[in-house]
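Scrolling down, you'll hit the structures one after another.
Both complexes shown next keep chain A, but they swap its partner, so chain B is in the first and chain C is in the second.
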Partner chain A sequence: MRSASDVIVVGAGVVGAACAYYAARAGLSVTVLDRGPVAGGTTGSGEGNLLVSDKEPGPELELALFSCKLWQELAELLPRGVEYEPKGGLVVARDEPGMAALRTFAAGQEKAGVTVREVAADRLPDLEPHLAPGLAGGFHYPQDAQVMPALAAAHLLRASGAEVRLGPGEEVAGLLTGPGGAVRGVRTASGALYAPHVVNAAGAWGGEFARLAGVLLPVLPRRGFVLVTEPLPRVVRHKVYGADYIADVASGSAALQTSLVIEGTRAGPVLIGASRERVGFDRTLSVEAVRRLATGATELFPVLAGVRTMRTYAGFRPYLPDHLPAIGADARVPGLLHACGHEGAGIGLAPATGRIIADVLTGTQPPLDIGPFDPARFEPGGSR
Partner chain B sequence: MGMRDLASESAGFDNAPAGCGGDGAGPVGDVGNGAQVVPGRPDRLGSAAEAQSDPSGAEVRPADGDEPYDLAVVGAGPAGLAGAVTGAELGLRVALLDLSDRIGGQFYRQPAAALRATHPERLHHDWEAFADLRRRLEASGVAHLAGHHVWTVERVEGGAEWAVHAVTGADGGEERPVRVRARAVLLATGAYERQLPFPGWTLPGVVGAGGAQAMLKGGLVLPGKRVVVAGSGPLLLAVASSLAEAGAEVPAVIEASGYLGYARRPRALAANPHKLAEAVTHGAVLLRHRVALRTRSAVTEVHGAERVEAVTVARLDEQWRPLPGTGRRIACDALAVGHGLIPGIELATTLGCATRRTPDGARALVLDARQETSVRGLWAAGEPGGIGGAQLARTEGELAARAVAARLGRNPGPGGRVRQLKSRRTRLRTFAEAMATTHAPGPGWTGWLSDDTEVCRCEEVSAGRVREAVQDYGARDARTVKLLTRAGMGWCQGRTCGAAVSCLSGDPEPPSERRPFTTPVPLGVLAALPPTPPLPETHRG
Partner chain C sequence: MARTPRELAGARPDPAFEITLDGRPVTALPGQSVAAALWAAGILSWRTTREGGRPRGAFCGIGQCYECLAVINGVPNRRACLVPAGAGDAVTTQEGHGHAGLGV
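Now for the complex of A and B:
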């Protein structure tokens, strides 16, 4: 036996780090495993969106609102290095029908607790001086924020005090179970690790991990490209995106979609995201995705036309068919918990997810209804 | 000239203690984006000579609907030139793209015409071979697209064709995308210089060894009056000998490895007697100019307030750890330093080509007996397959072109010629691997770094911050160090610091050399690309 702890978290991305952090804060001893480095998967390819603006009223929005509060707390507790910035979001519409659709969407969000304010076309330059002229208007969401995802994961993990084991030798090869199928730990290339609870925070690979545990969790990767420009002075102040983003986020289509999110960063570069397409784990550059992102960005911010793109990177959003994450205990395997499938919202939803996992582990009532996130909901015939 | 400029200089060299200069498309980092050129027939594109007279390539605009080129060659150094002229001579329609306005790559870099150099060949080793390739190019129907920065290569038409994307007009200010379609692609993208940091390496007066050579070849400029040459690899002797011949005082050549490595591989040397001859030539020059050669030593610190005033040279153990108490100061006003070359493989890695670790800890493409990468239809020649010098590059370029011809159903030429090329390649590759083994950086070099030594110059990240990311925050490779510290996120995209950061992160694997944009491309240029339909589902991952 190598060691024993109260809980093993599989995955050192931001969700795994948050699970470790809140579990440790609840008094549990935690071991975190990852076959790669910290933030080596989707976390390291994310923009760090902490968004409420793109979510329709429902369980995910509730989770996001709760998570936003937790991020505010964490920003105080963690070093400044995580680059937390409550910059606010701005959703813009090109025409009056687009504006009308946004207005209806925003009204629903407001009832659910989102702070949102309509911005008339002639007031847009006050918020974003470099926006293209001729837009119909927009909506300002002051609760939207940003964090640097890899730094967030690394700092959360360090603050957790968890035992962190990284590298190819730590890849989980199987789940160890005891009488009645209850979890006893995991088997890795380096040996067995024992714990009565195992948390699947394997992100885009969460479906594979679930298979190892003998349960169905249909996590699919949905590829996205982000363009990164050369460093600029503050040209883009908020997270700025077009109304069509919301429709694309909610879509299950496999085809390439590009809906823009444009934002400046503290470090200087402007990030231009994000395409969405289901192509498996293929990192091959899509010139068409790049072209569409560049076209959209220069239409919204003409000033960017002469700005150079330094690089682009692909990430794989772990996505479940109903676009909701899997969070909580798996009724099919006692001791197994899931915290994955957050699609493009994992950075934002990580603290709430971590808190819920810690509550479930300690037998505490979570602060919101986690029924919709039931990991067994995709089991044919329903959850057992 | 600071090292930042030189980091992008791709200096190739002739294998052994020999000439220098890369055979690549030049700064590999600068191979860049774009193209609206739909390939057409060579006769409609004008001769190579005409194309050259218009460096922007702006006039090359064949009509839509024309057949794609048979072969697009990226890089006009020794490998690319050999590939392009051989292909054309075998009847292929060939496009040759290069970021420079003149052919030759880094290896055959020539002074700008305005400098009125009367005998540029005096700075070059192997000039006759280049003159031959130049003559053949002029006589061929190759469409030479000069001033084209290739930024990515993409599979199109359901996988049957390639689109080579370049930006052109970068020097004139009016940048625009160019797209060249071809049935086969030959990557001859050369190499760039490996830099290992040390205290003081950012001072003005510290230049890359390949960069010093490039300055001399391209601008007829010396980096200083009294220049110490240091680092590791055969390039050092060539650089020192060029500098001395051009009038600089070279107090010493400081080589971190021993030369015993070659003696331990007598067969590699015996099979390549010309390499020995080259070494002897440089040796004679160095002797004549009283240049001291110190092996198993390194410059571990540079001194100076405003610029280089002196360097400290220390002896090293087998692991390249400095031996205490051996430091000696040498006064100088410039330091030319380099630790070998790194294959320029970014266009290939983006397409998922398989790579291998070279004996000196870099990453090179895995190539089959006919120079094809693991991705069908994509060939490579010269440094991308492992640093080997100009002669090997020419051999591989020709071999690749013959393989492309065979694949496209043309006559690849006499079988005897192919066998001869293969045998020459094997012999030269054997020597190249021995060379890489001899000059592989020892793991102890990181001992030169103090915590406040800047490792990433673009983002001003110190060795201490890299070490902290590894020890305290779970970084295990260069990519995670980059995410946590920004090392490698700046203008050079980690080409300068990548090798060093990777060593400091403790990753046994060389950096992946994945850079989907091989050169920065304006968003406006990307937005002006013609829309392309996505590939059918079967070609997706």
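Now for the complex of A and C:
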């Protein structure tokens, strides 16, 4: 027996790190495993968005509002290196019908606790001086924020004090179960690791991990490209995105969709997203996706036409068919918990997810209804 | 006797021409990169860093490290080690990201 802890977290992305952090804070001893580096999967490919603006009223928005509060707390506790910036979001519409749709969307969000303010076309330059002229207007969401996701995951892990085991030897090959099927730990290439609880925080690979555990959790990769510009002074103040982004996020289509999301970073480069397509774990460059992003970005911010992009990369959002994450205990395997399937919102939703996992582990009532996130909800015949 | 790269390669380049660094004339040979021409003139630094304003010039010389960035004919962030020098090229010392004018 190599070691024993109260809980093994599989996955050293931001969600795994947050689970480790809150579980450790609740007094549990935690071991985190990852076959790659910290933030080596979807976390390291993300833009670090902490958003309420793109979420319709419902369980995910509730989770996001709670998580944004937790990020504010974490920003005080973690080193400044996590680059937390409460910069706010700005959603813009090209025409009046677009504005009308945003207005309806925003009214629903406001009732659910989101702070949002309509911005008339002639006031847009006050918020974003480089925005293209001729837009119909927009909506400002001061609660939206940003962190540098890889650093956030690393600092959360460090602050957790958890034992962190990384590398190919730590890839989980199977779940160890006792009589009655309850979790006893995991088997890795390096041997057995024992714990009465195992948390699946394997992100886009969470479905594969669930299969190892013998349960169905249909996490699919939803690919996205990001364009990274050369370092710039602050040319984009908020997270700025087009009205069609919200529709694309909510869509279940496998075909390529692109909608503009543009934001600066403290390090200088401007990040340009977002494309969505379901093509498996294929990292092949899609010139079409990148072309659409570049074209759209220069239409929204003409100043970017004179700026170079340094690189582009792809990442895989952990997609579940109903666009809700799987968070909580798995009734099918006692001792197994899931914290994955957050699609493009994992950085933002990580702290709330970690808090819920810690609550479930310690038998505490979570601060919100976690029924909609039931990991067994995709089981044919419904959740048991 | 001094052995120069030109002698070692047995090169017989066409006549030299002039480029400028911050307005000061620098002699360049056809086929030389901007960085090579600056080095040949004894100039080792033509950029300051974004954080702390420290001096930088060519380091790897093969386009990988991005240390030798310069403003060339008004365009910032050109890799001086990869850009062939052309007659009359105006090279300007780059401060930081070279895009200070865009900040809002």
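FYI, the second predicted complex is superposed on the first by the 384 of 384 C-alpha atoms of A that agree within 3 Å, B and C clash if a C-alpha of one lies under 4 Å from a C-alpha of the other, contacts with A are read in each partner's own complex, and residues count from 1 in each chain.
As a convention for this text, a residue touches a chain if its C-beta (ideal position, glycine included) is under 8 Å from a C-beta of that chain, and two chains touch if they have at least 3 such contacts.
All of these numbers come straight from a predicted model, not from anything done at the bench.
Asks: Is this a clash or a fit when chain B and chain C both end up on chain A?
Replies: Once chain A is superposed (C-alpha atoms), there is a clash between chain B and chain C.
Asks: Which partner chains sit in contact with A:150 here, chain B, chain C, both or neither? Use first/second/both/neither.
Replies: It touches chain B, and chain C stays clear.
Asks: For chain A, which side has the bigger count of touched residues, chain B or chain C?
Replies: When the residues of chain A touched by each partner are counted, B comes out ahead.
Asks: Name the contact category of A:308: first (chain B only), second (chain C only), both, or neither.
Replies: In the superposed model, A:308 contacts both chain B and chain C.
Asks: Going by the contact rule set out at the top, does A:167 touch chain B (first), chain C (second), both, or neither?
Replies: After superposing on A, A:167 lies in contact with chain B but is clear of chain C.
Asks: So in the superposed three-chain picture, is A:237 touching just chain B, just chain C, both, or none of them (first/second/both/neither)?
Replies: A:237 sits against chain C, while chain B stays out of touch.
Asks: Is there a shared patch on chain A that both chain B and chain C touch, and which residues make it up?
Replies: 230, 307-308
Asks: Residue numbers of chain B touching chain A in their complex, please.
Replies: Result: residues 152, 154, 163, 165, 350-352, 469, 472-477, 479-480, 483-484, 486, 489, 491, 493, 515-517, 520-524, 526-527, 529, 531-534, 540-541 of chain B touch chain A.
Asks: Residue numbers of chain A touching chain C in their complex, please.
Replies: Contact set of chain A toward chain C: 128-130, 230-235, 237, 268, 303, 307-308.
Asks: Which bits of chain C are touching chain A when the two form their complex?
Replies: 50, 77, 97, 99-100, 102-104
Asks: Give the list of chain A residues in touch with chain B in this complex.
Replies: Against chain B, the touching part of chain A is residues 12, 36-40, 44, 150-151, 154-155, 157-158, 164, 166-167, 227, 229-230, 255-256, 267, 269, 272, 279-288, 290-291, 293-295, 297-298, 304-314.
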